[in-house]
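Contents: one structure, followed by commentary.
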Amino acid sequence: MSDKKPVVGILMGSDSDYDIMVESAKILKQFEIPFEMIVSSAHRTPERTLKYVRSARDRGIKILIAGAGAAAHLAGVVAAETMLPVIAVPIDATSMRGLDALLAMVQMPAGIPVATMAIGLAGSRNAGIFAARMLATADPELEKKLLQFKQDMAVGVVKKSDRVQEKMADDGLI
Amino acid sequence: MSDKKPVVGILMGSDSDYDIMVESAKILKQFEIPFEMIVSSAHRTPERTLKYVRSARDRGIKILIAGAGAAAHLAGVVAAETMLPVIAVPIDATSMRGLDALLAMVQMPAGIPVATMAIGLAGSRNAGIFAARMLATADPELEKKLLQFKQDMAVGVVKKSDRVQEKMADDGLI
Amino acid sequence: MSDKKPVVGILMGSDSDYDIMVESAKILKQFEIPFEMIVSSAHRTPERTLKYVRSARDRGIKILIAGAGAAAHLAGVVAAETMLPVIAVPIDATSMRGLDALLAMVQMPAGIPVATMAIGLAGSRNAGIFAARMLATADPELEKKLLQFKQDMAVGVVKKSDRVQEKMADDGLI
Amino acid sequence: MSDKKPVVGILMGSDSDYDIMVESAKILKQFEIPFEMIVSSAHRTPERTLKYVRSARDRGIKILIAGAGAAAHLAGVVAAETMLPVIAVPIDATSMRGLDALLAMVQMPAGIPVATMAIGLAGSRNAGIFAARMLATADPELEKKLLQFKQDMAVGVVKKSDRVQEKMADDGLI
Amino acid sequence: MSDKKPVVGILMGSDSDYDIMVESAKILKQFEIPFEMIVSSAHRTPERTLKYVRSARDRGIKILIAGAGAAAHLAGVVAAETMLPVIAVPIDATSMRGLDALLAMVQMPAGIPVATMAIGLAGSRNAGIFAARMLATADPELEKKLLQFKQDMAVGVVKKSDRVQEKMADDGLI
Amino acid sequence: MSDKKPVVGILMGSDSDYDIMVESAKILKQFEIPFEMIVSSAHRTPERTLKYVRSARDRGIKILIAGAGAAAHLAGVVAAETMLPVIAVPIDATSMRGLDALLAMVQMPAGIPVATMAIGLAGSRNAGIFAARMLATADPELEKKLLQFKQDMAVGVVKKSDRVQEKMADDGLI
Amino acid sequence: MSDKKPVVGILMGSDSDYDIMVESAKILKQFEIPFEMIVSSAHRTPERTLKYVRSARDRGIKILIAGAGAAAHLAGVVAAETMLPVIAVPIDATSMRGLDALLAMVQMPAGIPVATMAIGLAGSRNAGIFAARMLATADPELEKKLLQFKQDMAVGVVKKSDRVQEKMADDGLI
Amino acid sequence: MSDKKPVVGILMGSDSDYDIMVESAKILKQFEIPFEMIVSSAHRTPERTLKYVRSARDRGIKILIAGAGAAAHLAGVVAAETMLPVIAVPIDATSMRGLDALLAMVQMPAGIPVATMAIGLAGSRNAGIFAARMLATADPELEKKLLQFKQDMAVGVVKKSDRVQEKMADDGLI
């Protein structure tokens, strides 16, 4: 990954979001999609954010992923400064359990779209997979990896079902 | 109002917010506080918004009011670009009935405060009154007007109570 | 549009969703992106849906947009049957005002991503724009159109601001 | 149970749902209703799910129970592929505390019913009891067991009330 | 229908619920399932409700459907007095838009299950269909009708899709 | 009613609440319980409110009913100034549909109870009935009227059920 | 308390509600109001509940308090069977955090009032205090105790404020 | 701070709110803004609260901050008794996770504004910063400190981003 120019840029509003956003990174690494990941806030470092976003396209970035909690403006602010597709990951960071971040991301007004994923870990993983799906429309090798990934998930479900049979036996149910 | 330099700047994300945000303006006019009011969007015109906000203080603006609906980032984006106090008015513009705008405004992360008012008309009027209260801490004349305003409200309540007695009589209840 | 092979497929769960989903179509037409639009339900015509989705890629479709209300499974069911990126538009079709559709779309479990837009009209328009952004990463002409579209929006905001000045004059506020 | 053909099929979207869904199984075992329980996901293994559901009726299954969390499409997808009655158990698996699963299950559009139970453990137990009630309409022995079950619950309440009297005495309240 | 003993009993808390609950009745009539429908309130006529429920089974009723709004206790109260399966239809009758009725119905504690359908019209129709599905497990003729009903729905979706093509042509989109 | 000293005092925050709060008054009149009704706001006329509340007990008032919308502080403020029982009626006066008023009334901290009724009309009527129930514990005549009132409701339900039979016949369902 | 006939009856739906409902009991004991407390469920022991409620008035009970969680029907079912005033305490017993119990209690339809308190401990304490306020309207001694209770609370607040000064000193803030 | 007359008064409804409200105090201290902090309840000590608020202005207080949980009336009650600007901090003190306090504060009716911050810690810190912003409009030294504070935050974000790079290296992602 290190010697290839990143095509996905991951932003998070705070380093406390790392444990969630690293899941996007892991997925991208798994699919061998070069990426970079930085902390930049819509509110605390608006200029840093703008500067990063405005230079992204010319540095070869094709997709941006933004994770944030609370009044999560990061994805919207990023989407307003670029023509690149922006994926949003709402993070459960307040007593509102991520509902605040979800609505602040998904309810974008007409004109500036933000592709919102689920709150938290599942959303972060899916942000990586969605980026892979986008890139795969022009990359048959990546598409194959996605198909393999899907097949592996299906195999995993069957294994989990076998484990459930064992648990049922342990619990005297079968 | 026209010949005095504005001290309050009102921003709204769309001209469809006018009917709500004009209530702030009416209150400011009633208190003879010079103001200006423009449409500028956090997402559709980020540069216009930044330019307006960055020049506001040096043009004599002391308070900013931002009204927006949906994923209402306007107030937060404004507050990130100025040291002036920013008042937010969430607007009911989607099927979420303003809950989206409320959470996107009030749940600002630590560091960048936004003073959020009620959703809609009441919030817009209160944004104007809150601006007046801020300015009144250094303006005894304005403070007197606020006291008179409060007294008038109290008188209004008594009149409304009289009207209720009449209605009760009409309804055969007394 | 008619003589080009569609690259975006729009699905809606019911023809009562037409008035919302046509906004995606209008945006795609505006950007000269060939598309097709059908009614197919996750629940009432599961086989029709699967058949459509499974053949989509080989017919040249690169992006799928799915709009649905209530327990809106359409986007998730579609995303489970293809490696193409799927955009979801939650529709306000019940007394829950689209919150049911939003959560049924955005809260997809890890593994099967769905890119969720805002509830209703804004979301449908943004689904079209997001599709355009995706395609623009490999299409400089389309990217230019998106930039023009953004500039037009910005000009529109300035015009709306002018109109607000007129309204304020009419209302005796300036 | 092992030597009788199962009449109830329990599906869960993930083996992490086992601790909830095993409560359905325990109830069925208690009422001596033969059942089977597998993991199958609407999204990760759509074909496995369809295959299971389509064969269920001919293998003698009369009732299906589906437990899932997040954007819980499992019950709806199952109900779309069979004429058998489908019971849904929403599971608290995200920061939305099961509200997402509840709405994704209960808000099914007209035509494809899903009988939704409470979120979590109570719902899982009730799914088992509801299955028993359905079967009991044609099985007087089972109906008797249900009446006994109800009587036992009533006795249990009286015992709990006695325990409360002891606690009150311990707390010096009586 | 009149000369057959009813097998489904429909209760509604108030005659203002008629327009919703009649949809259950229409479905049952369509499937030629004999039914009866009465108004009885959990709170205003508790004795009438108990008397009705307690006699239902011996009069040949196999399934009860209860529709109610607000703090909708009807289904739970009914389910506590019978071993018959009880289907609940939450009705949007207050400013809470049916969320109150939904939670008051679906969140039944362990021991007394209530099979909850969607809020309002869709839920009422589905209550009828779910009753038909239950009865069809022992009635191959009814099962055939359900399959036909499903096929008709599928055909209806295709027709709706055709209509959408016409609308698109009218709108100049194709 | 006019020549008897009122025993119930009804307060409302604004005369726009009259149409809701008059329902409490009608119930009290129906039960021949003398009452008075005024407009007084917790925020606009705090002194008027305190003065009214503090004098209420000595003028013979035994129960206070407070109806308010939005951030409905009236009932709590009243309950803090008297030892009389206070009944609260949350009113749907904002885009939050009365949820704001409900939570602002019902979630009173330990020490200062407020007896909250349903949002809106039903709550207002029930406030009157609850006042009657309180007074009836020391007034056998009033208790008889309440029993008659309950019986009349039950009769009304039976009549409504008859009307439903007629409607069913009209609709060709029986 | 033991040798006086109880005037308040406390019901709870399950002994797991004891830790919440004992707070009502402690308050009543503190005010020397004789009470009794039992477990009885609207659903698991409907007959026990009815029997208890119907006999309550003739045994001298003047007020009923009902605490329950989930689809909390207990208070409504009780209020339908007596003319006594019924106080409801919603309990946080599910993943819905008491919102289900709150709506199932407070949203009672017109005709059958239930006086709802806050969710959980605060609500349980306030149920006891509200009962005391009701009884105090006819009991000057009890009214004095309530006034003393209020004064003690006020003194407690001042003490807490002193403690806060100490904490501020400890934290180097003053 | 000790030898200067306080210009900000912080009120909290209970000493259990100290851990949240001390964050406002710390911010004020950091900006060398003299303040005082007391416990006073809208409900338990209404007179203490009124007395404090009414004397605040004449003692030199320019801004009031009120933190409270549950049915959080404190800020509204305070704002009704003074012309000073009042900032509200909703506190997560019940099972409603601060939503009750938020709505009870932010939804103030027109006429009596309350400037609401985020729920909990972030809101408390922002209350202090917002007070500083208000005072800075007339205090260039304070404005400079705010600018420095903002710059420090920005530097902090860059450092956090560096730390994220280290974590990524540790996790084998770069």
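To keep things simple, chains are lettered A, B, C, D, E, F, G and H as they appear, and every chain counts its residues starting from 1.
To be clear about the criterion, contacts are C-beta pairs under 8 Å (C-beta built on N, C-alpha and C of every residue); 3 or more make two chains touch, one makes a residue touch a chain.
What you see is a predicted model; the values in this text were computed from it and never measured.
Asker: Shared touching chains for chain C and chain E?
Answerer: D
Asker: In contact with chain D and with chain E at once: which chains are those? Just list them.
Answerer: Output, common partners of chain D and chain E: C, G.
Asker: Turning chain G onto chain H with a C-alpha fit: angle in degrees, nearest 5?
Answerer: About 90 degrees of rotation relates the two copies.
Asker: Same interface as C-E shows up in which of B-H, G-H or D-E, over half of contact pairs matched?
Answerer: G-H
Asker: Examine where the copies chain E and chain G touch and state whether the two sides share over half of their residue numbers (same) or under half (different).
Answerer: Result for this pair: same.
Asker: How big is the gap, in whole Å, between where the Cα atoms of chain A centre and where those of chain D centre?
Answerer: Taking the average C-alpha coordinate of chain A and of chain D, the gap between them is 34 Å.
Asker: Please report how many Å separate the Cα centroid of chain E from that of chain H, as a whole number.
Answerer: Each chain's C-alpha centroid was found; their separation is 51 Å.
Asker: Distance between chain D and chain H based on Cα centroids, please, to the nearest Å.
Answerer: Those two chain centres are 48 Å apart.
Asker: Would you please write down the residue numbers of chain G that are in contact with two or more other chains?
Answerer: Each of 14, 41, 44, 70-71, 94, 96-97, 99, 106-109, 111-112, 118-119, 122, 150, 153 in chain G touches at least two other chains.
Asker: For this entry, which pairs of chains touch?
Answerer: Final set of chain pairs in contact is A-B, A-C, A-D, A-H, B-C, B-F, B-H, C-D, C-E, D-E, D-G, E-F, E-G, F-G, F-H, G-H.
Asker: Touching residues of chain C toward chain A in the complex: what are they?
Answerer: Residues 62-63, 83-85, 87, 102, 106-119, 121-122, 125-127, 129-130, 133-134, 136-138, 143, 146-147, 150, 153.
Asker: What does chain A use to touch chain D in their complex?
Answerer: Listed in rising order, the residues are 92, 97-99, 118-120, 122, 150, 153-154, 156-158, 160-161, 163-165, 167-168, 171, 173-174.
Asker: Touching chain B in the complex: which residues of chain A?
Answerer: Residue positions touching the partner: 13-14, 41-44, 46, 69-71, 73, 76-77, 79-81, 94, 96, 99-100, 103-109, 111-112, 114.
Asker: Hey, which residues of chain D end up touching chain A in the complex?
Answerer: For this pair, the touching residues of chain D are 1-2, 12, 14-15, 18, 22, 25-26, 29, 37-41, 44-45, 47-48, 70-71, 94-97.
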